[in-house]
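Let me give you the structure first, and then I'll get to my questions.
Chain lettering (A, B and C) follows the sequence in which the chains are written, and residue indices restart at 1 in each chain.
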Amino acid sequence: MHVSALPASVTDSASDTLTDPMLSSLDGVRVSYAGSVAALDEVSLLFARGEQVAIIGPSGAGKTTLLHTLGCAIRPTAGRVRVLGRDPWAMPYKALHRLRSELFIAPQSPPLPPRQRVVNAVLAGRVPQWTTWNALKSLLHPLDAGAAHHALAHFRVEDKLFLRCDRLSGGERQRVGLARLLVSKARLLLLDEPVSALDPVLAKGALETLQQEAFARGATLVVGLHAVDLALARFARLIGLRSGRVAFDLPRAKVTDALLAQLYGAELGVAFQEPPSTDDARLKVIRCL
Amino acid sequence: MSTVVRSVGPAPASLRDPSGPARIAWTIAAILILIPAAWLAEFNPATLMGEASLRATGQFLATFFPPALGLDFLELVARAAWKTVAIATVGTTLAVLIAIPFALIANRQLSVSALAEERMCFSCAAVRTGVRWLLIALRTVPEIVWALLFVRAVGLGDAAGVIAIALTYGGMLGKVYMEILESNDARTTRALLVNGASRMQALLYGTLPVCLPELVSYTVYRWECAIRASVIMGFVGAGGLGMQMELSLKMFAGGEVLTMLAVFVALVWFADLVSAALRRWLG
Amino acid sequence: MSIPASAAPRFPVKSVLVPTVFLVFLGACITTLSGDWSGLFSRSAVANMLAFFVSFFPPAGSVAFLQRVVAAAMETLAISLIGTLLAAIGGLALALPASGRSGKIAKALTRWVANVLRAVPELVWAAMIVVATGLGPLAGTLALAIHTTGVLGRLFAESLENIAPEPYEALRRNGVSPMPAFWYATFPQVLPQLVSYTLYRWENNIRAAAVLGVVGAGGLGQMLYVYLSLFQVHEASTVLIAVVVLVGLVDAASNATRARLIR
């Protein structure tokens, strides 16, 4: 398993990075929707600049809510959020808008308009850097089709450049959504299940590309993943989320099978017919989820 | 800070936008059509936004205020509005009386000759097709043209409006009645006809009970449209609120026109309410 | 196969009350209408009416006259084209706030404006605009544009409200301003419906454009009105045929285009 080399500062303990003005954090954050159901409860996390983190947990654990709260899309009911060193909810609206252009949220299902061509869907990631006039001109005749092509090539879908989005398969759409990220200039990348529709080979390649891009930009990468094996293989730090709370926040080496079994508790119970041996348990934790 | 993907400018030749030439062609075609069209329609934004034109428009709009609110005038308007409702109601009733026989004749379900084999005898089919074409003819000519013609034929006044609505709406209702009757499940009617019921009996016991709510609902909706149509026809002399509005416009009495416009909008809104309530209650 | 069971015996309020009220209402309407109704249906009156309609045949067909009819038809077509196009632009401009993107007050205000524009029929608009701009096709174009803006404004607003919000929201969250986000995310989603509604209104507007001329707004309608006033019935019937043909052609073109779009 190839692991891309990360700068030493990223693997240091969190205390060294507290003085970094570009860190993002959640502090005692609680997010609850209508009623009393808390999607996030007392979550406190710190993300240094350039860190690459995977968030794992069972369905409904709050991965999506956490990513969106970090991305200034959801305002927490309690607690404080810092994004790239700033408090998004204490800013005037214009400053928040500018802050948003420095982050990139990739939702679980790629938000591509069905009848739009791939080239425009990808270049939409560059629009925050363009003037309104240029953005409109690009719709009529793409201003930087080469960049879109280059970005798509990283995910092996460059031949779809001028096709309509609704003519693509699910996996192709997901890769187009990721290509949009490549042409943006964001420094905080928040990805929700970015490779869920890709086969294992493509998924590994796509994650590798994303991580290399994040490293090259010095961007902070936070990825919500369902595939625990991918998370263990590719990320130096894993955060386990369960029922809106942080179950653990550890470097990869310290994540044991017992912790994983605890995290996915109820789901694990359904998958087994009888008490397994410890070896079987380790294998099944990685494959069934 | 370097990125994996740099800006590389426009696409290399192999990446030319495939829809580029087609878009340019369509744009040129659109310009070639729209510019002469705008000239024909005398639509010239430059003159429209010119100072003289704007001033004229301003003066014109100023004549509308204040709206005329004298009691005599309001009574006149109320009477004209009631006339319009009367024209629409009587016209729609006549339209229903015209539509029913046509719909029945053209209705294939009531065809006795189609019972045995699956196809109608030739003369029956010919009559049915002829009736369909007549209905189409009645519908295609716009209502106001009928109003114009009948004003010439029977003179100014309510009669022309009533007949014009009766004929056009007769065609419309005929077609829709036919469609509603035909979309009905034919088995019930067939069963009655096969067992010797007359066509009228088959209609009353088979088709009508099921279709009646929909028929009534559409007719009430058409009545509401007829009120709007009556006002429009009034502009060419077919009576009611429209005729009064045209008179006031000719005399440049903007305030009176404004009051009548308001009454018209209120009338249409009220008819809409009544029609919706009726349809809910009956349907 | 089943035969419907007879209705259960209970007092049929609807079947008795409704026709009674209706007949009373109808009676009131009939008495209001003035005019010599008995004279209208007398034999001589009917014969006169029939003779009047028969006199329309044959339609006039001299080449010079036909050229003028074709020119008027082109004018009517132009009125309907430009009027509908202006209305599509105006309707979209109205629909953006009317779909709620700029707050509740803007939404209520623009919806009210669209309703007022819709409520007044094209003919009434034309009759009023003629007073300001004088006789001619400009009044017809503007009248069509104004009325149809109200119609399309409301239809477009409903389309905008019914599309999936995710593409637009995703762009906004990544720092794209509202206007570019609209053009990149919302517009491609809603474009087919906009075009479909516009084409549908064009079918209606070609009929409207044909008759607007009756109040002096140009095209075939104005021609018809003039010939009818002068009782030149042969010329009038040619113009009528031209109207029917033009309407039929535009209907066919609009249907064909809409069928192609759905592909």
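By definition in this document, contacts are C-beta pairs under 8 Å (C-beta built on N, C-alpha and C of every residue); 3 or more make two chains touch, one makes a residue touch a chain.
Note that the structure is a prediction, hence the values are computed from the model and not measured.
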item: Chain pair bearing the highest count of C-beta contacts; value: B-C
item: Chain at maximum distance from chain A, centres defined as averaged CA atoms; value: B
item: Most centrally placed chain, judged by C-alpha centres; value: C
item: Distance between the centres, which are taken as Cα means, of chain B and chain A, whole angstrom; value: 55
item: Inter-centroid spacing, chain C versus chain A (mean Cα positions, whole Å); value: 51
item: Mean-CA-position distance for chain C and chain B (Å); value: 7
item: Complex interface listing, chain A residues touching chain B; value: 119, 140-147, 149-151, 154, 161-162, 182-183, 185, 209, 212-213, 216-218
item: Parts of chain C lying in touch with chain B, wherever the complex brings them together; value: 1-4, 14, 18, 25-26, 28-30, 32-35, 37, 40, 45, 48-49, 52-53, 74-75, 77-79, 81-83, 85-86, 116, 119-121, 123-124, 127-128, 131-132, 136-138, 140-141, 207, 210-211, 214-215, 218, 224-225, 228, 231, 240, 243-244, 247-248
item: Residues on chain B engaged by chain C in the complex (per definition of touch); value: 33-34, 36-38, 40-43, 56-57, 60, 82-83, 85-87, 89-90, 93, 140-142, 144-145, 148-149, 152-154, 157-159, 162, 187-188, 190-192, 205-206, 209-210, 228, 231-232, 235-236, 245-246, 249, 252, 257, 261, 264-265, 268-269, 282
item: In the complex with chain C, residue positions of chain A that touch it; value: 71-73, 97-105, 107, 109, 111-116, 120, 124-125, 127-128, 130, 132, 135-136, 139, 184, 186
item: Contacting residues of chain C [partner chain A, same complex]; value: 166-167, 169-177, 179-181, 183-186, 188-189, 191-192
